[in-house]
Amino acid sequence: MSDTTSSSHPAHLAHHFDTVEQQRESSSLGMWVFLAQEVMFFGGLFLAYLVYRSSYAAAFAEASHHLDVVLGGINTVILIGSSLTMALAVYCAQTGKRHLLVLFLLATMLLGLAFLGIKAVEYHHKYVDKLIPGIAFSYPGPNAQHAQLFFSLYFAMTGMHALHMVIGFALLIWLVNDARKGRFTPEYHSHIENFGLYWHFVDIVWIFLFPLLYLIGLHDAAGGGH
Amino acid sequence: MFSGFPLFPEQASSVAADVDNLYFFLLAITAFFSTLIAGLVIYFAIRYRRRSEVELPEPITGSTKLETLWTVIPAIIVMVIFAWSAKVFLSLHRAPADATPIYVVGKQWMWKLQHLEGQREINELHVPVGRSVKLIMTSEDVIHSFYVPAFRVKADVLPGRYTSIWFKATKPGEYHLFCAEYCGTKHSGMIGRVVAMEPGAYETWLGGGPREQSMTARGEFLFQSFSCNTCHRSDGKGRGPALEGIFGKTVDLQNGQKVAVDDNYLRESILAPASKVLAGYQPVMPAFQGLVNEEALAQLLAYIKSLAPQAARLPGSTPSHEAGSERQNSKP
Amino acid sequence: MSTLRVPTVPVETREHYLNADYGIRSWLLTVDHKRIALLYLASITLFFFLGGFFAVLIRLELLTPQGDMVQSETYNKLFTMHGVIMVFFFLIPSIPAVLGNFLVPLMIGAKDLAFPRINLLSWYIYMIGGLLTFAAVVAGGVDTGWTFYTPYSSTYSNGYVIVTGLGVFITGFSSILTGLNFLVTIHKMRAPGLTWFRLPLFIWAHYATSLIMMLGTPVVAITLVLLVLERAFRIGIFDPTLGGDPVLFQHLFWFYSHPAVYIMILPGMGIVSELISCFSRKYVFGYHFIAFSSLGIAVLGFLVWGHHLFVSGQSAYAGLIFSFLSFLVAIPSAIKVFNWTATLYKGSISYQAPMLYAFGFIGLFAIGGLTGLFLAALGLDVHVHDTYFVVAHFHYIMVGGAVMAYLGGMHFWWPKMTGRMYPEGWARFSALIVFIGFNLTFLPQFILGYLGMPRRYHAYPPEFQVLNVMSTAGASILAAGYLLPMVYFLWSLKYGAIAGPNPWGATGLEWRTPSPPPTENFKQTPIVTEEPYEYSIREIKVV
Amino acid sequence: MSVHVVPLRIYFAVFASLMVLTGVTVAVAYFDLGPLNTIVALSIAVTKAALVILYFMHVRYGPSLTKLVVAGSFLWLFIMLSITMSDYVSRSW
């Protein structure tokens, strides 16, 4: 009975929730559950990677020499940096620093764009080197077949990751717009917080992709052969 | 057997009775529990039918004793079934060491079979009664499944690797051979028959027909025409390891791992030799992927497996525990 | 609490969710969970009859052994489209998206699901996926089997694999969003006093189902993405000629698709718990055990997918593990069946139509579950794998179980959804017909399977004909049984008696609001002070 | 509102640790440690992910339900990976 509806119903409280607290907790839980789903989505790719890496370890190590560790490393730094700016954006939303919020969101966008740009450069190198399975692929040596598997997985995994970045970028445009209009307050900024969770998740995926794809063959840099 | 209105398949192999006994046991359990539940539901429904709109049933919320009972009893029953079925499965899975190999290739939509003696058949398999036969199977295209209901055996036939089944026919006759894994347009036409014959009749059948070279002989011919013998010398001084007696051993690889030399390892080592190179050798062998077809590959395997052990020693080789007989499952 | 004779207020004079607004826009843009449930109801019914139409053609073809009615390509497309449509577009959304959508907020005293707009989005996603798949059917169909096994699907099939795969992929997200909505709603939107152990078992079942939707569906989604890439670009992941492993596809596919069976059956179990309790006027026997067995099934259900791979070239040792785990799932299912039976003991049992469906469910699910033991048994599965035994088994679970429960639930909550009663006599008759037709259709298939008739066979050896004819005869009866409710449900919309808020004298919050409910479900947020299924108190408040 | 505001110095400390760990994982990759290479690389990745989850994503300060969701999702991932691998490692046994 004790319904709280009419007493204090802020504009941003949807009709079917009783309290702001309930709405905030619901949206946060919803986001976390969504991320759990994302873990399993990428999990399928990691499983495929695990299976073939364990079967064709040598070919994978050799094929990974064709990835650019420097660019990959720079991208890792950029992406972790963007996670920091995103975390700071959430901080500003929590503490009501409206202009800084916009600034940090823009910084996150910029770093995200830089990441995607470097990724595009890497993809282009692969295209020039004929290392894109299904489009242009020619790989020397006896491990060609299994190297193709490596590159298939490389493109599937980084491609899915990049797609998530692109979606994140689109969402950021929308968030920046809302933030400029001052839509977010210390009481109501679920969108910023939830987007932050999403962005950090994308960062975490990369934290695993980087060593698994770029670093596995470094220690025998002499290259291939077995 | 191709007519009438059967309710139960013929038992024509040594394992059929074991499988059927398990089946009858499970049927009995199913019959008992479905009758019990249906009986109780019907009895309660009649006995406690609503007699008046205002009646109030006695409140009963549950009974931990009963819950324990109907948790523990099913648990015990399923564990019994598990143990029993695992035992039957392992006997289906482990071929006797003396089983005669027959090589099977599935393709859309036919079965091609090769006997060691050289006979080749299509959609028909002749086997002797009373002798264990092991089918070493692969596919040229999609996944098929070799299924002989009367023998109660089945295994998927995959492209790119070998799988196997074994059986010992116990009753002469003709039995259905089905492809059980959906494989495209004429899936239901990928059928044939297995003819189980008395040993005498089987020998006659083997002797009849056009004179064929044995698989080993053809394999030896291929071995030489591909010049395998220039590197895989029997004295162990070639660029590749000597192959005499290698089948069934466990060997050390260059990367420190160990691998059992079974049909699938030999297959991979011919088609993509760089994947798992023996310790002490260089990856210099060319890949034969696309150069040998499945039948020729089977002949090469038959030849390599026929090579008797020699004095030439492999680095770090040890005899394997099992004779590599049922190792048809391997890495992708 | 007398039932059935409470037509106090004519429905039309009161505002409720159906007459709150009119026009096509008011439906297509609605965020009311009850209206979205009806959108789903209309769409899945269409898909059900489309899939059923394919089933009829399949059964007609199998009347004769020669395979002489349609070409084998056509036959392969028929069973593929039957499977794809029934599994992904009917069974998986059926109970959750229709009854769950309608009832979850009502049962927990909420005004709506936590994310109403996402709920509407999920219906649109479902429709987009459905239309894509339908487009593939119209364009010429797909012939891979609903399991899409590689390398047939990736390399050899001539059908519209990519379009169908994308359709299923997209629809997966509708399932994910529905599950997400339910999870958050059940966690965060329960009425005051409605503690976890006061929740109806229907809610527990949907909670467990939602867990599976969230954790399983994304895996099949990425699998289908890889399949589409493989088919479009030959990237090699499932292609043995490039070192890929087709069995990996099966692992990924069944990691979702085995738990998906529990997406279909768990909500049905939830419905049956409600029905048995209501029509015997008793607290559900062993409430906690039923609730936890739902969670147990959801968790264990994720550990058993490999029993689909016993003869697929999976390692024998992995087979042993999967077999063992599969047997464990039998235990929570057994617990449920025994508890339902015990609920009847000393009850006050009436045989209204929903209860007849519940009885049918118990019987058919018992057989379906017990024959599952045959398939979990390694040594026996080798023989019956990929035969009609499997076909019979999973139809007993999915059709005998899930569809029976779905129909039972539709009959039970139809008065709540529409405010009208359907003709009871016809409903009982159709329950009987469905039960008889179902058994006649699928019992012979167990025998066919043990005889060795493989599934997906267009033509078959002549000695199997008698059993196939029996099966086809049963299917005709079954089809009539499914058409009947369609007719009298539609009839009841106009001519049915006014139902009143609680025609069955049931407990549960959904019966404490008028039928049909107002847009925000309750005039005031209800406060729950009693245990669930309190039939012994017999104070069912009618608002 | 029970929003926990994480102090800025924690964000910067976490960022610095992530950078250091990135450097370490690259450096270690140049040494041949045998099978340890993968173990070290993954341990570092897990540590980094844990830092991001606990601090950037506020799980450390969040409700236990969130912790349960995080733990559950990784448990499920582990189930999928480990049971599937049980097939691959035992195929040639």
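For clarity, chains are labelled A, B, C and D in written order, and residue numbers in each chain start from 1.
Here, a residue touches a chain if its C-beta (ideal position, glycine included) is under 8 Å from a C-beta of that chain, and two chains touch if they have at least 3 such contacts.
Quick caveat: nothing in here was measured; it's all calculated off a predicted structure.
Chemist: Central chain, going by Cα centroids?
Modeler: Located nearest the centre of all protein C-alpha atoms is chain C.
Chemist: Tally the contacting C-beta pairs at the A-C interface and at the B-C interface, and name the larger one.
Modeler: Of A-C and B-C, it is B-C that has more C-beta pairs in contact.
Chemist: Rounded to a whole Å, what is the gap between the Cα centroids of chain C and chain D?
Modeler: Averaging C-alpha atoms per chain gives centres 37 Å apart.
Chemist: Just give me the whole-number Å value for how far the CA centre of chain A lies from that of chain B.
Modeler: Result: the chain centres lie 44 Å from each other.
Chemist: Hey, what residues on chain C touch two or more of the other chains?
Modeler: Within chain C, residues 187, 215, 219, 243-245, 247-248, 251, 314-316 contact more than one other chain.
Chemist: Which chain A residues sit where two or more other chains touch them?
Modeler: Each of 25, 29, 33, 36, 40, 43-44, 47, 51-52, 55-56, 145-146 in chain A touches at least two other chains.
Chemist: List, in ascending order, every residue of chain D touching at least 2 other chains.
Modeler: Residues 65, 72-73, 76, 80, 84, 88-89, 91, 93 of chain D each touch two or more of the other chains.
Chemist: Touching residues of chain B toward chain A in the complex: what are they?
Modeler: Answer in residue numbers: 254-255, 272-275, 277, 283, 286-287, 289, 331-332.
Chemist: Can you list the chain A residues touching chain B in their complex?
Modeler: The touching residues are 51-52, 55-59, 141-143, 145-146, 225-226.
Chemist: So in the complex, which bits of chain C are touching chain A?
Modeler: 110-116, 176, 180-181, 183-185, 187-189, 192, 214-219, 221-223, 225-226, 229, 232-237, 242-245, 248, 251-252, 520, 524-527
Chemist: Show which residues of chain A lie in contact with chain C when the two form their complex.
Modeler: Counting only chain A, the residues touching chain C are 1-3, 14-18, 22, 25-27, 29-30, 33-34, 36-38, 40-45, 47-48, 51-52, 55-56, 133-135, 145-146, 148-149, 152-153, 155-156, 160.
Chemist: Residues of chain A touching chain D in their complex?
Modeler: Of all residues in chain A, those touching chain D are 20-21, 24-25, 28-29, 32-33, 35-36, 39-40, 43-44, 46-47, 50-51, 54-55, 69, 73, 76-77, 80-81, 83-84, 86-88, 91, 94-95, 186-187, 196-197, 200-201, 203-204, 207-208, 210-212, 215-216, 218-221.
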